[in-house]
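Two complexes come next, and they have one chain in common, chain A, joined by chain B in the first and chain C in the second.
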Partner chain A sequence: MNFLKLSKLMGASALAMMVASGAFAEGDMTVALQLEPPHLDPTSAAAGAIDSVLYSNVFEGLTRFASDGSIIPGLAKSWEISEDGLTYTFKLAEGVMFHDGTTMDAEDVKFSLDRARAEDSTNAQKALYAGISTVDVVDPTTVKLTLAAPNGSMLFNLAWGDAVIVAPESIEGIKQQPVGTGAFKFSDWVQGDSITLEKNAAYWGTPAVLDKVTFKFISDPSAAFAAVMAEDVDVFSGYPAPENVPQFEADARFQVLIVNTEGETILSTNNKMPPFDNVMVRKAMSHAIDRQAIIDGAMFGLGTPIGTHFAEHNPDYVDLTAGSAYDPELAKKMLAEAGFADGFKTTLKLPPPSYARRGGEIIAAQLREVGIETEISNLEWAQWLEQVFKGKDFGLTIVSHTEPMDIGIYARPDYYFQYDKPEFQALNAKLESEADPAKRTELTAAMQKMIAEDAVNGYLFQLAVPTIAKAGVVGLWENAPTQATDMTAVHWK
Partner chain B sequence: MLRFVLKRLLSLVLSLAVASVVIFLFVEVVPGDPAAYMLGMNAQEDTLNALREQLGLNGGLFERYASWVGGMLRGDFGTSYTYRTPVSEMIGERMWISLPLALFALALSTAIAFPAGIWAASKRGSFADVSVMSLTQLGVAIPNFWFAMLMVLVFAINLRWFSAGGFAGWDAGFWAAMKSLTLPAVALALPQASILARVMRSSLLDTLGEDYIRTARAKGLSRRQALWRHALRNALIPVLTIIGLQFSFLMAGAIIIENVFFLPGLGRLVFQSISARDLIVVESVVMLLVFAVIVVNFLVDIAYALVDPRLRVRA
Partner chain C sequence: MNRALTIGAVLSGAFALAALVSFIWVPYDVTGVDIGNRLKVPSMAHLLGTDHFGRDIFSMIMVGARTSIAVAVVAVGIGMLIGVPLGLAAAARKGSLMDELIMRGNDLVFAFPSLLIAIMITAVFGASAVNAIIAIGIFNIPVFARLVRGAALSLWTRDYVLAARVSGKGAARISFEHILPNVTNLLIVQGTIQFSLGILAEAGLSYVGLGAQPPTPSWGRMLAESQTMFSFAPHLAIFPGLAILLTVLGLNLMGDGLRDVLDPRLRRARR
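Moving on to the complex of A and B:
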């Protein structure tokens, strides 16, 4: 037998094996994610990976995010807000069952929200729910929330994965056996490898189309490439190597979605550390940075420039990029005016994501052009949290702030970049208690302008991540208002 | 023989005790708070404290060391900070991938190296010898993760004979599971086989030059017979040493290969746990690996003694 014959024969038998194993079934889909959840309780960790698997699929809250970032009814089918903005009355959907067969009613809502804001709560977003003073059960399908002060973002906060409704009956085992109300129920978790969800036949709303979704966890970029190319996975959400995107775009087997995230990627600046306590120095830096060069060089063109700390796709976003346009000559002049004609030295501490590591090299080169020397150090996340975030021991760092609508962090003077401005804090306090949409737009615009004018941080770009899917997959989220892989409407063409 | 075994056992226990202290101290001094890692950037101090309390991170250093070692002696490896499952269960699950993978790779490497090494030694200087030597040179030089990626490209992406990674699970059947371990095992085995073949060859050539081989030849054995009956057994000692070291390496050092093939093995568990500061998992897995290495060395020592009776006496 010659080699050609042999290879043909082997190829044929391999094909036969594949067909026999039934790798492709209409109602199944395999979705790859980069990070595996540490456990399966979205209400007691900040890990976005938990929401990526479970949000909307397994767990639902009173309200929820739609793909475009708007807030739509979830388990609450309607609500009324009192005149003074202090009482929220939610009408719950009827006939909702948890996956273990128990009913979901107002008691469960009370339990979940009380648990999130309790003294010993380990909810990562506890602060969002601290303003709720009581949760009252009116009748089995009506819940009343009373707030200590009006809070314009309450409906938004309740849509977070951290506020999903859980049951007291199943809370013990939630970290391994999550029991929710969603269109999919948890089926199996092979730790380190995959999580399987199955269609919930008794779902109260529009049922899911797929029968089974398997989430596979592949962190290595080259392994991710191989898994997609070998068609081992049907969808790769948050594909880790943007440099491969053109190759997938050119391949008829695949479609590429560029998903906008809530991640404002910024050159965080330690506002209390000289010379960054001088607004002139920060402004000079903002002119020394060429955003497009960073997007092209570090992100292979993915991402949109931003001029302030606000999601570029949000209707309330104000484009302020012109105020910090790339102009190294101006930057040098401003540095000289600030008394740093010969430049200065500082540290640039970079966490692991490639936007930071690759972007850091480019920013260091750009800053060197105007005389600022940076000493780059690469940190792991845990080290970054310890040194930079908690210890505030840094000059500059690059990080993407992925929480939705988080401009409020600028009102916290002890937050790691340490911006302390009473005027901004006053604006933020007003925003928090304002419920009128027009007034909120006005306030957020003023806030966006204030931090841009103060050049608190270097505003780089809105993080976008590619999702690679087989050509026949329909119904994936095109934006990511929260970290989620909502599979409830996904199906094969 | 018994005295020899007892002596080795004592040194085994001592090594383990020293290792546990070193591992604990090294892991504990690494900066990074597991609670901060889990709760992220919006968490406030009281929430972090509540979690630290839950995880038992607020105790003193000695207290935590004592409870860790005490637990291990009772077979309790503690509970993972992030996964919140018993570490022993996690290790057990991962072991079912890492151990078969290491054995598979070791079997492959031995199956390639022994014939290749013996063949090359028996035909010293011939074309066969030169080709084995240059191939093994190449095998040692090629980094295994690169070779792994190359195999994925050929066998998974182009030919589609294997999937690009992942583990089918033992539930899917023995052959399906072995199939998903095949590429990783080959990638791991190739450099090991190259090293082993070279050691086999040179060790065999050394013994072939010994006086007793000349004596054997003088009493009328053919070169071949002398090799199989007398030289091979004596050449095995360095080879066994290498196999022992290689097995330890395969158990502990498959991290990169497990990442390339996204296999949920022990190496990947350690890798993930280090970045998540899941200290208890890191400590326990590393301790287990140290235990495995020490036990393998112990067994290799015993094997020496079986192969070479002089060692028993000297000990």
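Moving on to the complex of A and C:
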């Protein structure tokens, strides 16, 4: 009797194991992204597409972002901060190996951080690490950072994809053959098509569930729609056509995540180009723009209006939208006061995403209402980076700034929108050296107000992007505190 | 009366009329947006519905007709103005180095896929209606040059041309006074066909974003923008698509009809 029970039990457990292994056998996932990375080194380029594929999957930093935006331990399992806030002592996780078999130790941390802040560094966020004066190796698993001044956001800065730990042994070929410490290792890149990552069997932490992740690049919105509908892809992170979301929501095969991003979508204004050097003109424009119409028309309702360059879901956000409420009559009056009663002509250069292309047409129509004629030109990303971001040859453009906590860009006088104001730069310097949370809140509020009052750029909305996944996919990030498609915890139901 | 010609003339005439009327009147402003009114299905207020920005599709098709026709007219004009003299010159000096140069040049342009060259031109000089016109125009040159050369060669052997030569007229004068008037019929027929191809090419270029830039309405771009919405708002794609189809069909029918009417040999064969 007992014997029979036992055999039944064994049968059942064998069946359960079969089912379980069946689920694990399907441990591959195809994830579609809109943009293909230009190369695979997150520490030497601004392109967010690199982090979209590699952040947390292949490369890890001392600290890292969790899905909710909090900072959690990464390669550093713990840390101590000195009383004066000038020394950070990180205790590294033990037994960490790079994918090429070399060990990850304090020397590699020193190499990575020194490289990021070096004179000739091409790191896109070099400024974030400029405050580190020395990186010292105490022992193989302990590293000490000494700062020139206290910096309240150092742990946050170290979580960025730009501060991931790389090895001197593999740095040479990193752009084609990235070698990191993550739960996935790089396997193959078919340019123009896909990047494949494989499970890292020797991972030091909680191993990934999936055996293989293929990132496919589909930039055309109608091709994206077809790929999801035909189930060619399992997940589409950052689906480019928000108008299709209701359809996916109604389809039982799919689940839709509306992912809050750190993307402040703004009408960037060339502050040094007349007539935009006149604050009255910029303020007038801010009243000419109807944010809700742009959210509805360009994003089909996805997104939340913002009145300043700060993430709307951040607790420190100040709602300043009322200061630039839609009022075309007021806008006309202010333009007249600024000496442009008959309006003026300018350029509006738009990168490919639909928030920019569609938003641009709507904004052009709204500006035309108050007499500002815009000449629209649609640019590809490479052209946009060349002409607008580097060349500063533009009047207006629309772009979403997806870096987290990036109000500091307004303190860079040569940044592409060229807001050069010493008072703001002083505030930013204060913020960088302030560790007290209450004072930081106060300072960020002052900064938010200053750029809103100066109407540096037109503040439109906080970007939310739909992620479409098959119903059986579990473990995707529900918020995007940084640009990443973290697949380390993703698996099939 | 030729039936193809009638149907063709009515169809293309209707779009030409819509384009002309759009200069003085359209039901709604096509550059303004009205988000609250977007994606409306056809109704009495909006005959063909509204698009994703709340713009009236009927008005956009009227103005789009203007864009298409303007591009096609100028492009065909460029082709004729340059292609016809080249063809006449090549025929007048048959077998000379100039003839060879002109005809091999034509072959060269013919050998390139036209849309590819158009994309190249607009990629280099920027996307705009003007560059689209130039790109399409260039491809019309060899069409007319070849047509005219072929026809002119046979005309050069006619007795009246011989008479003109004997009376001391130069090649250029003979070409314009005796040859050109006799190829006009051919030019009209070919021009109509090229015109319809021009409209198709303009739609193709603006579909890939290389034609007229927003906010100027264009049929091709209307199609491109409506793609992702086809599953829930098909009227956004159907109407500009129909506009292109009917215009091109109309012009082709008209071209066929004109050939029947204008070509004396065909007329005799018919009777």
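FYI, the second predicted complex is superposed on the first by the 464 of 493 C-alpha atoms of A that agree within 3 Å, B and C clash if a C-alpha of one lies under 4 Å from a C-alpha of the other, contacts with A are read in each partner's own complex, and residues count from 1 in each chain.
The criterion applied here is as follows: a residue touches a chain if its C-beta (ideal position, glycine included) is under 8 Å from a C-beta of that chain, and two chains touch if they have at least 3 such contacts.
Only a predicted model underlies this, so the values are computations on that prediction, with no experimental measurement involved.
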{"item": "Partner chain in contact with A:A438 - chain B first, chain C second, else both or neither", "value": "neither"}
{"item": "Touched chain A residues, chain B compared with chain C", "value": "B"}
{"item": "Contacts of A:S222 with chain B and chain C, given as first, second, both or neither", "value": "both"}
{"item": "First (chain B), second (chain C), both or neither touched by A:H39", "value": "first"}
{"item": "Touched partner set for A:A47, first chain B, second chain C, both or neither", "value": "first"}
{"item": "Partner chain(s) touched by A:E403 [first = chain B, second = chain C, both, neither]", "value": "first"}
{"item": "Where chain A meets both chain C and chain B, residue numbers", "value": "222"}
{"item": "Partner chain C, residues of chain A touching it in the complex", "value": "221-222, 225, 241, 243-244, 246-247, 293, 296-297, 358, 360-362, 364-366, 368-369, 376-378"}
{"item": "Residue ranges of chain A in contact with chain B within the complex", "value": "10-11, 14-15, 18, 21, 36, 38-39, 44-47, 119-127, 175-176, 190-194, 216-220, 222-223, 226-227, 229-230, 232, 352, 380-383, 385-387, 389-390, 401, 403, 406, 409"}
{"item": "Interface residues, chain B side, partner chain A - complex", "value": "31-34, 36-44, 46-47, 50-51, 53-54, 82-85, 90, 93-94, 149, 152-153, 156-157, 159-161, 163-167, 169, 176, 259-265, 268-269, 272, 275-277"}
{"item": "Of chain C, residues touching chain A in the complex", "value": "31-33, 35, 38, 52-54, 126-127, 209, 213-215, 227-229, 231-232"}
